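The next part holds the structures, each set out as structure tokens.
Shared between the two complexes below is chain A, which has chain B as its partner in the first and chain C in the second.
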Partner chain A sequence: MRHQLGLAVGPATFRIGSAWRGPIDALARLYAAYPPIDFARRVPDFTVRLQPVQPWRRFIRSSIFIAGDHMLPDAAPMALEHGLLAAEMGMNLQMALGWRRHVLLHASCVEKDGKALVITGESGSGKSTLAAMLGERGWRLMGDEFALLDPASGMVFAFPRLVSLKNEAIDIATAGITPERIGPRLEGTPKGAIRHLVPNAEAIARMAEPAVPRLLLLPRYGFAEAHRPVEQGEAFVRLTEASTNYIALGEAGFGALVRFVRTVPAVALDYPDSATVLAAVEALWGEVA
Partner chain B sequence: MTYRAEAPDQIIVERLGAIDALYHRRSGTTHLVAAPVPQILEALGEGATDVAGLLARLAARFDLDTPDDEAKAALEQRLAELIDLGLVRGER
Partner chain C sequence: MSAALLAETLIDPGLVTRFDAPTWTALLTAARAERLLGTIADKLDGLAMPPDVAAILADTRVDARRDRQQALWEIDRAMVALAPLDCPVVLLKGSAFAAAGLLAAQGRAIGDLDILVPRDRLDEVEAALRGAGWEWVKPDPYDEAYYRRWMHELPPLIHVERDRMIDVHHTILPLTARPRPDAAAMIADAMPLANGISVLRIDDMLCHAAAHLIADGDMAGGLRNLWDIHCLLIEHGEDQSFWNGLDARSRHHQLRAPMRRAVRLSHRIFGTEVPKDWLGGGVLDGLFAARLLTRTSWGQEARPFLRLGFYFRSHLLRMPPLMLARHLWTKWRKGYRPIG
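After this line comes the complex of A and B, so read on.
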């Protein structure tokens, strides 16, 4: 590829190649604080390629096709101005389809005193926004998209990629944050407006440190405040649904999730706004930590 | 019909509160099952038998308050489901 960049996010390493300079420049700016990868000394875990739909489309009506080690053959091409998003989606896709060292949970995660709060929920539940806000309020952000559960130790490993903020969450989660940590506003993406937030210096510096899972939170945004304990069986089902590689890991994945739900209490939390959810999380954490 | 349970070393059973999570090694599949399925598998694990024999084993362990015919019909239904999951084999 004409342009490329090496990146390490948590335990995973990536080579991002692109036919255009723009997406690589945007990534290089936002990932400047992350450890670089020297391709001469290390083969990255995954390659993502941002390539034209057809060779001549590098210049005319440029459209990005996301390719790489793991691909979705029928993925729709993306506009060149969304190149940063395409790179992020490509990295997520490699993790979701290719990562085997941990149980990959579609969950956000924050840490305090060596203990992790794992937050899982459907798109729109607010897990990214909540993790981003907690990451600026005394917690270490471990990741807004994936939590990596180690079958051997039961610990959770961080994957603190750029936080992907959507629509109304953008203003809420970027309030008071310096412009250098905020990416360009991408309008009209398949998920509406998107802006990326760079995790703070502590989150990046400590991204290799795992944490012991202490609480599993299942939030739902847009409801009156309420919370209820979630039984082990229900938590197990929710985690298998939230994992992209549970079936591929076989017995190791089964053992890891059984251990997780037996040792980590789970709470379903409904909330109407960010002030409510922040207060509720601190109160619930006070009960378990 | 004679029913034979999957070999015990092929199934891992973990109690998770009110339900059991069951990992079937041969198929790599996870099943979440509630009573009486784990009890049926355990009783059948003593050896292949027919519905009457299995019912007798279960009656020896639990107080079954349903009449025999109803219990047999219900048991046959559960066994048919377990055959579909690959956890029990039915032999004519």
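After this line comes the complex of A and C, so read on.
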């Protein structure tokens, strides 16, 4: 491909190729603090390709098709202005469809004193925003999209890619953060306005360090504050739903999730605004940590 | 092309001891795109390699093991659903290789379950599968009608709970294609395995593989099919009587030319040992070989015009020109475009 970049995020390495320069430049700026991958020495886990929908669409009505080792044949093409988002989606797709070394949980994750708070929920539950805010308030951000559960040790590994902030969460989570750590505002994406946030220096420097899961949080945004303990059976089902490779891993995946729900308490938390959820999380953490 | 590197590595795995990181990257990317990464993982098992490569191949072995287990389970489920019919059911392709424990199954990815049943039992088979949880995939009425009238298989069915596909064939080529293989003979002569399962005779497996690769489709992903042919040939092709039998059987199925070409290509690309009298002719083999080896180090397919040529060829093989024009016009209006 004409333009390329190597990236390491947590334990995974990526080779990203693009028919256009723009998406690679945007990625290079935001991933500048991440360890570089030298392809003369390293073999990347995954290849992502940002290629034209049709050969001539490199020049005329440029439109990106997200391809790579793993792809969705019917994926909708993306506008070239959203190239950064396309690259992120391509990397997520490789992880979701191809990662086999951990149970991949669609969850955000933060760490304190070697213990991890794992936050899972449907799109719109606020898990990215919550993790981003905690990551600026004394916690280490381990990831806003995927938490990697190791079947052998029961530990959680980090995948601290760029935090993807959407719509009203953008202003809330970027308040007080220097402009170098904030990506361009992408308007009119399939999920509305999106802005990427670079995790802070500590999150990137310590991205290889795992943590012991201590609390599983199942937040819901837009409700009056309330919380209830979640039983092991329900937590198990929620985690299987949140995992993209649970079936692919077979017995190892089952064993890892059983161990997780038996040792990690789970709490469902409804909240109306960010101040409430931050206070509630600290209070819940004080009870278990 | 990295596909050539892939072919060389498959037949001489020891080459990898000299690979640098970019060569490894090209090999793994091309192999994954050709659905041959599991086969590579199997061939390179035990050889020294960099740790990042070893980790990728270990992941692939996890997938291959699960694939095989799922494929055998799908066979089991289909046989349970079809048992009351007392109808011959013959496994095809990857599922057959796995069930029969053939060399071609080693590390091979297995997608759908493909079965062959007598054409006059199709309705019963369809009803039994639908009663056991399989449903239609294709919602489009034109595609549905097209399949039922002209194709060699039912429209694909998918299981509502397990999300796995089954292709029910009544012969091995579309009814619009010129060769008319003798599906009844294939079913009558099938090799029984345990539990009521059977697979095609080896020469029929080869005829099917050659028909599929050379006489049907545009050869995208064909390197894997050619590898199947290579494996079947090296496992069974030691004495002359095998080759005589293969020749007679391919003539019987009107597949002599595709079979000959498949054998020549296997010899050309994988170095398969083949009797001399099978290697004559084949002036266009170079084009076929080039089409099979278009994969680049980025996992893309190079040579767009060559591929477009084979795309049109695939349609001309499948149906007469006037019918083709009508079909392509209908598909175009529905928004389908050939290359993307």
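Criterion: the second predicted complex is superposed on the first by the 289 of 289 C-alpha atoms of A that agree within 3 Å, B and C clash if a C-alpha of one lies under 4 Å from a C-alpha of the other, contacts with A are read in each partner's own complex, and residues count from 1 in each chain.
Following the convention adopted for this analysis, a residue touches a chain if its C-beta (ideal position, glycine included) is under 8 Å from a C-beta of that chain, and two chains touch if they have at least 3 such contacts.
Predicted, not measured: the structure shown is a model, and the values here were computed from it.
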{"item": "Chain B versus chain C as contact partner of A:69, first or second or both or neither", "value": "second"}
{"item": "Partner chain(s) touched by A:15 [first = chain B, second = chain C, both, neither]", "value": "second"}
{"item": "Residue contacts on chain A - larger count, chain B or chain C", "value": "C"}
{"item": "Partner chain in contact with A:1 - chain B first, chain C second, else both or neither", "value": "second"}
{"item": "Chain B versus chain C as contact partner of A:41, first or second or both or neither", "value": "second"}
{"item": "Contacts of A:101 with chain B and chain C, given as first, second, both or neither", "value": "second"}
{"item": "Partner chain in contact with A:250 - chain B first, chain C second, else both or neither", "value": "both"}
{"item": "First, second, both or neither for A:236, with chain B first and chain C second", "value": "first"}
{"item": "Overlap of chain C and chain B interfaces on chain A (superposed complexes)", "value": "250"}
{"item": "Complex contacts: residues of chain A adjacent to chain B", "value": "231-233, 236-237, 240, 246-247, 250-251, 254, 258, 261-262"}
{"item": "Residue numbers on chain C that touch chain A, as the complex places them", "value": "20-22, 24-25, 28-29, 32-33, 50, 52-53, 55-56, 59, 62-63, 66, 69, 298-300, 304, 337, 339-340"}
{"item": "Residues of chain B touching chain A in the complex", "value": "12, 14, 16-19, 21, 23, 25, 28, 30, 32"}
{"item": "Contact set on chain A toward chain C in their complex", "value": "1, 13, 15, 17, 39-45, 47, 49, 51, 53-55, 65, 67-69, 98-101, 248-250"}
